[in-house]
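Below you'll find the structures, each written out as structure tokens.
One chain, chain A, appears in both complexes that follow, with chain B as partner in the first and chain C in the second.
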Partner chain A sequence: MSEHTTTTAAPAKQPAPTGRTTSGGGLLAGPVGRNLGLVVAFALLCIVGVVTAGDRFASADNALTILRLAAVVGVVSIGMTFVIIGGGIDLSVGALVALSSVWATTLATQAMAADTHWVLMAGTAILVGAIAGLVNGVVIAYGKLVAFIATLAMLAAARGLAEILANRRTQIVQDQDFLRFFAASPLGVPMLVWMFALVAVLGWVLLNRTTFGRRTFAVGGNAEAARLAGIRVQRHTVALYVLSGVTCGLAAVMLMARTTTGSSTHGTLLELDAIAAVVIGGTLLIGGRGTIVGTVLGVLIFTTLSNVFTLNNLSSSAQAVAKGVIIVAAVLLQQRVAAGRRQRRSPKALPPTAAEGAPAGASPGVPAS
Partner chain B sequence: MGSALLEMQGIVKTFPGVRALDGVDLDVRAGEVHCLLGQNGAGKSTLIKVLAGAHQPDEGEIRWQGEPVRLTDPQAAMRRGIATIYQELDLVAGLSVADNVFLGRERSRFGLSRPTADHRATAALLTRLGHPEIRPGAEVGSLSAASQQMVSMARALSQDARLIVMDEPSAVLDNEEVERLFAVVRDLTADGVAVVYISHRLEEIRQIGDRITVIKDGATVATGLPARETPTREVIALMTGRTIEYVFPQRTDRAATTAAPLLEVEHLSVPGHVDDVSFTVAPGEILGLAGLVGSGRSEVLEAVYGARRPGGGQVRVDGRRLRPGDVAAAVGAGVGLAPEERKSQALLLGEPIYRNITLSSLARFARAGFLSGRAERTAAREQTDALDLRPVDVDREVRTLSGGNQQKVVLARWLLRDCRVLLLDEPTRGVDVGARSEIYALVRALADRGVAVVLVSSEIPEVLGLADRVLVLADGRVLADQPATSLDEHAVLDLVMQGLPTHTTEGHVA
Partner chain C sequence: MSARHRRLLTSTVALLGAGVMVTACTGNTPEASSSGGGGNNAASSNDDTGDTVTIGFSAPAADHGWMAQITAAARAEADGYDDVDLVVAEGTNDVSAQIAQVETFINDGVDAIVLLPFDGAALTPIALEAMQAGIPVINVDREFDDPDAARVTILGDNYGMGVSAGQYVCSQLSDKPDAVVAEVAGIDSLPLTQERSQGFSDALSDCGLDVDNRVAAEFTVESGEEVTANLLQAAPQIDAIWNHDDDQGIGVLAAITNAGRDEFFMVGGAGSANAMRSIQAGDSVLQATVIYPASQAADGVRLARLLAQGKALSDLIDVEVPRQITLSAPVVTADNVDQYIDSAFES
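Our next item is the complex of A and B:
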């Protein structure tokens, strides 16, 4: 479901891509419009930044600062996008980042890495994330637990395990090669930003150009139809949570590099930031619809917002309030647009009372069978 | 027999592409049991919804106790005293009996609910219905289907209903429960309440009914027939005598039935639904499954497809045994299913046509997992051209298509996959008249290409007209397995309506 695929291959004589947006509703009608709305919001935010903070905001350094801050939550949000489009939710991402960072910085792991290569540390973090994601996926798909509950349990358990492993102490990353590699700025852009960009591009390709992505939309859009079309829905659900776990491991590596530590307090409340970014990016919480571009914009909007607030010496409490307002406004707008589209397309569709209202409030469980 | 309570005249209701009601007349008198008969798709459900205020008629007049009324919403119907007990009981499983009875009309004093008052009133209603054993505090979800029905009745009575519409109430009940239901209905009518009773079982209608109205293709064909005296033949003839004749494709002369069967089903059983069903289908053959709702038709298809785990038996395609309960394995072996509920079970409504068509064949368009949108569109366009699917734009969302074109999308999915066994569950439900003939022709063309087709339909003429061989099912068992040409509609209806081993004790069977 993305504008990118529709435009490339349609023969010129067919009015294919425009057919979606012609019937009124203007720019906000299609998925294009949904992202366009985000671009406009982002632009407005930047204008506010320039007006209130002037050059302190509009500098290359500040732009890189924003991007570096966005990188960690951004990578996790890409994984989260897949899970949510696939009809699930992953509340455990913050805890998995903590667990991965701790596991990768234990004395034993660091000693092994010192003997071989720092890549071992990064690999450990990613592997830990993947295995925890696998557990999530298996419990949800085969144990038929509601995703919300299963990942809530993982959230508690993984952070607890991280505390046990770290003995509640912050573990310092000793490997200088590791730190040097991630502190580098090829072409003037920090390594962490490169990583976020790479993950976003790979995520976009995976979602829009591969069978895996197509199946993700199918499983989240209509799990029963996907199953009856011959897709192995359970297996795919597991894969989605593993993917989310891998992005958590990667985020842990990035956080280890940025803070030079592994800690059981890393990534606290990261799940909420990631879900918020995905949701304001236009991904439906009930699954079946969403874009990577929207998620990236969602992440950028939130990070820029907090940057603008910080530059104006406003408290983090005020930031939190603004964040909440933005989430509600964005989702309300999306529902309006979605409802409008539905009504124009099928005049005899269910009355809005029955069809709407569900998206935001519905418990985002995965229909596992 | 009392005075006219409800009169409906010339009711017309259209939905995009379908004229669901096309001039229905119905008059119901106080204190009578008025039976509404008609085949599936005749318009009974739509009529009930008009009566319940859930649909607004486009034309026609409704008079209640002699005065013209407009039932603008379900509350308006309820206020007049019209209560509907739907086939799918609309109770909240997690609430108590009393809570359900008074749902939306909870009694309160100073804003506080009064559970004891509700309980007492509920107990009184249930006693009146002859079911004092149902506790008002019991959770509805824990009750039997029959008891749940009584809760619905109690709710209707609590609203002082003057007219109760019962949509196939006996479908979920056993013999004894049906008897008790009838006793309740007789008590109600003795008090002057009118009942509109819908059932497929003619013998029930003879036991409980006073008058019959028959509707067919959305119009009343007979009204006010005496329920006990009208011969079964006449009722069936009224229900089936078609005004619209569908064009069925010519059967291919299949002298070569000696071909090895492509699909073999042996001793298939699904606990509670299907009991030891065996059949084979040869390549190029269309096998029809006929039977009432609940006869196990759809369950047979689902078990063959692996969508439902069978209790026993086996399924072989081309001699190779399918792993039970594994859809992906069935699809891999060349089996395709067009399920009964197209929108919820087959389609991704918000996705474009081409993605719905390629969903089961993605591997073909992928190189190392990367999809080629261009190849997908080209292949999908070939299918839509072959099926004459309109609109031609394969980027259109499936949601915007008519029922017939949506069904073609599902068929295109399996055509693209070159499936060899095609299972069709109600392939023409919600499909308009013109597109039906196209779908029939398409199914026959597929069979001629060597596909083995299994067709389930509640429209008997469809099964008889399209299939080569017909399996008549009732209560999960095979009653007959015959060439379609040796059966006619009356024979099948006789089998499915009277061949049921239940309710035969009363001796009212004509």
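Our next item is the complex of A and C:
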């Protein structure tokens, strides 16, 4: 709305507003601006929470509860962000979480862990996730299967295997050291929240500050161009799915700690929650663009939503409706922000847009920059 | 009730008969529960070997402990009879696949069909077809739309479960008229969840209480943990919680432990061995659970055999097997847990 008024005002007193809007554009181009829709939605949710539930919402305990609930889906969503930015999709994450949690809690694994250390259980879960991710990646990158189909197949197969391994029973984690470690709260913040924070920070660094991250954007943006630029696209694709698998294994460990069980029903429909969080976080489903910050905000919005609904004693069905509305509203809002940015640039018209397209393609030709 | 007592009696006899040596080497619960199905030690002539009958059995996929026990108990029951040939179709949550299974049973000309439909309404037409083909259908747990579609219907008592839980909560909180009662329901869209909740609130209103906070999980451990973590935030002070299902109850208990809350007591549902061990040990907020018998399909197999062999229930004077049997939903507490733990299912 406000962008619209500034653009109509623009012709009247041209120099000043353009200066203002470009600076606004600079701000909007930053991580906060790109996630403006999310920040607004999140702030609104928090206001609703404070108004309707008062102190029960606005307490440190509740904030930690929300973060703890966000942790599992959050870790998976970070992995999912990489896969989607890289131009793929991973529908198997929920099933991989189930498989990893079951494999890590079988009697055999638990017996081995009891003889050695609980780290063995955690390691098993992550290894299982990584191997399943490797299978996904190889099938997609070298088998040339569409990611949607390959991971759909993995979804079915992994959950089936989990059911066979667990014999469809819930497996209880016996190792008290394992449970104690993850139930601890260093500096007053639960271990699971620390893990989520750590994964998010590592994910951010990996995506924004390393070659791996830049290659991910390149592969997702235009795989052919990336190949011509000398990136081993297939190998990189495999790495992305392995990364997603590892986050699934980690999420399985966290879920085992939270629920004290491993079960083939863990992570049911987790893939949809993760994809929803990633998408409302501003990551393009066709790949090539996305942020970790947006994903984290997306996860927090959904978890806060269910928290606020429960605090007000509302049904889970109403919650599902609200979730759907938020997905659409957040994406629409982002499109407006993006469109508004394009509109604001249009007075200065072609040169900047050309320049915007330029850096990637043209910088080799402009030695000065 | 009388059927239950008889079962208890038979299993006790079986345990004694099995000898003292057994008690020394195994405390295995499945052993004990399956021995109740042996059938060689009942008082009537019904268990004498008769004409060999083929019984078709179909149930949803055993994706949780209770359902796994349903099929396992039915198999164990059939194994106890020399004259029963149980054909078990692969458990499925796909309605059309289950219809196909029943069609196969009809084509094969089985003597009786024990059917726990994934969806009672959807399986009604094919069950009617079986009945018209002269094959008695024993409907277990989830009722058909049409009473003519089954010769016998065996049901757990979902409404009664809610009532039992509510009455137990009332008995514990009778002196606190403003007590806070919370409910962790199962999948909200299922009729059985609605019946349980209805029974619970009806029973509570009889003693002037009501459900202050209600959340719905999905019968899985993970969902139980999730909704309970939020629930505990929503209600800073609780006096009692009823959780519909002991499978998801593991998650509910984990959330309670995580939050460090213990000012209330909790009542479970379904009656898993796990929950009963907790009740026995008395080391958690779980004080009681309400049974939803996992033996109903096994009872269905027994009745199917009686029907196919033209026999009747021995403890009834009537010469026919009854049309409908609703199983009781008793409350298990530390006082009577020993009586039920042997027949409980592993989640």
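Going forward, the second predicted complex is superposed on the first by the 303 of 369 C-alpha atoms of A that agree within 3 Å, B and C clash if a C-alpha of one lies under 4 Å from a C-alpha of the other, contacts with A are read in each partner's own complex, and residues count from 1 in each chain.
The working rule: a contact is a pair of C-beta atoms (placed from the backbone, for glycine too) under 8 Å apart; a residue touches a chain by one contact, two chains touch by 3 or more.
Keep in mind that what you see is a predicted model, and the values were worked out from it rather than measured.
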Between chain B (first) and chain C (second), which does A:87 come into contact with in this model arrangement: first, second, both, or neither? neither
Is A:62 touching the first partner chain B, the second partner chain C, both, or neither of them? second
Return first, second, both or neither, reflecting whether A:298 touches chain B, chain C, both chains, or no partner chain. neither
Considering only the touch criterion stated at the top, classify A:260 as touching first (chain B), second (chain C), both, or neither. second
Identify the partner contact of A:245: answer first if only chain B is touched, second if only chain C is, both if each is, neither if none is. neither
First (chain B), second (chain C), both or neither: which does A:209 touch? first
Of the two partner chains, chain B (first) and chain C (second), which one does A:79 touch, if any: first, second, both, or neither? neither
For A:163 in the superposed arrangement: first (chain B), second (chain C), both or neither? second
Per the definitions at the top, what is the overlap between the chain A residues touching chain B and those touching chain C? none
Contact set on chain A toward chain B in their complex: 1, 5-6, 8-10, 14-17, 19-20, 205, 209-215, 217-218, 221-222, 224-232, 288-289, 342, 345-348
Okay, in this complex, where on chain B does chain A touch? 15-16, 305, 307, 327-328, 330-332, 337, 339, 344-352, 355, 359-360, 362-363, 366, 369-371, 373-374, 377, 393, 395-397, 399-400, 413
Contacting residues of chain C [partner chain A, same complex]: 62-65, 67-68, 188-189, 212-216, 218-227, 229-234, 236, 247, 250-251, 254-255, 257-259, 274, 346-347
Within their complex, chain A touches chain C through residues 53, 56, 61-62, 65, 68-69, 163, 167-170, 172, 183, 255, 258-261, 263-268, 306-307, 310-313, 315-317
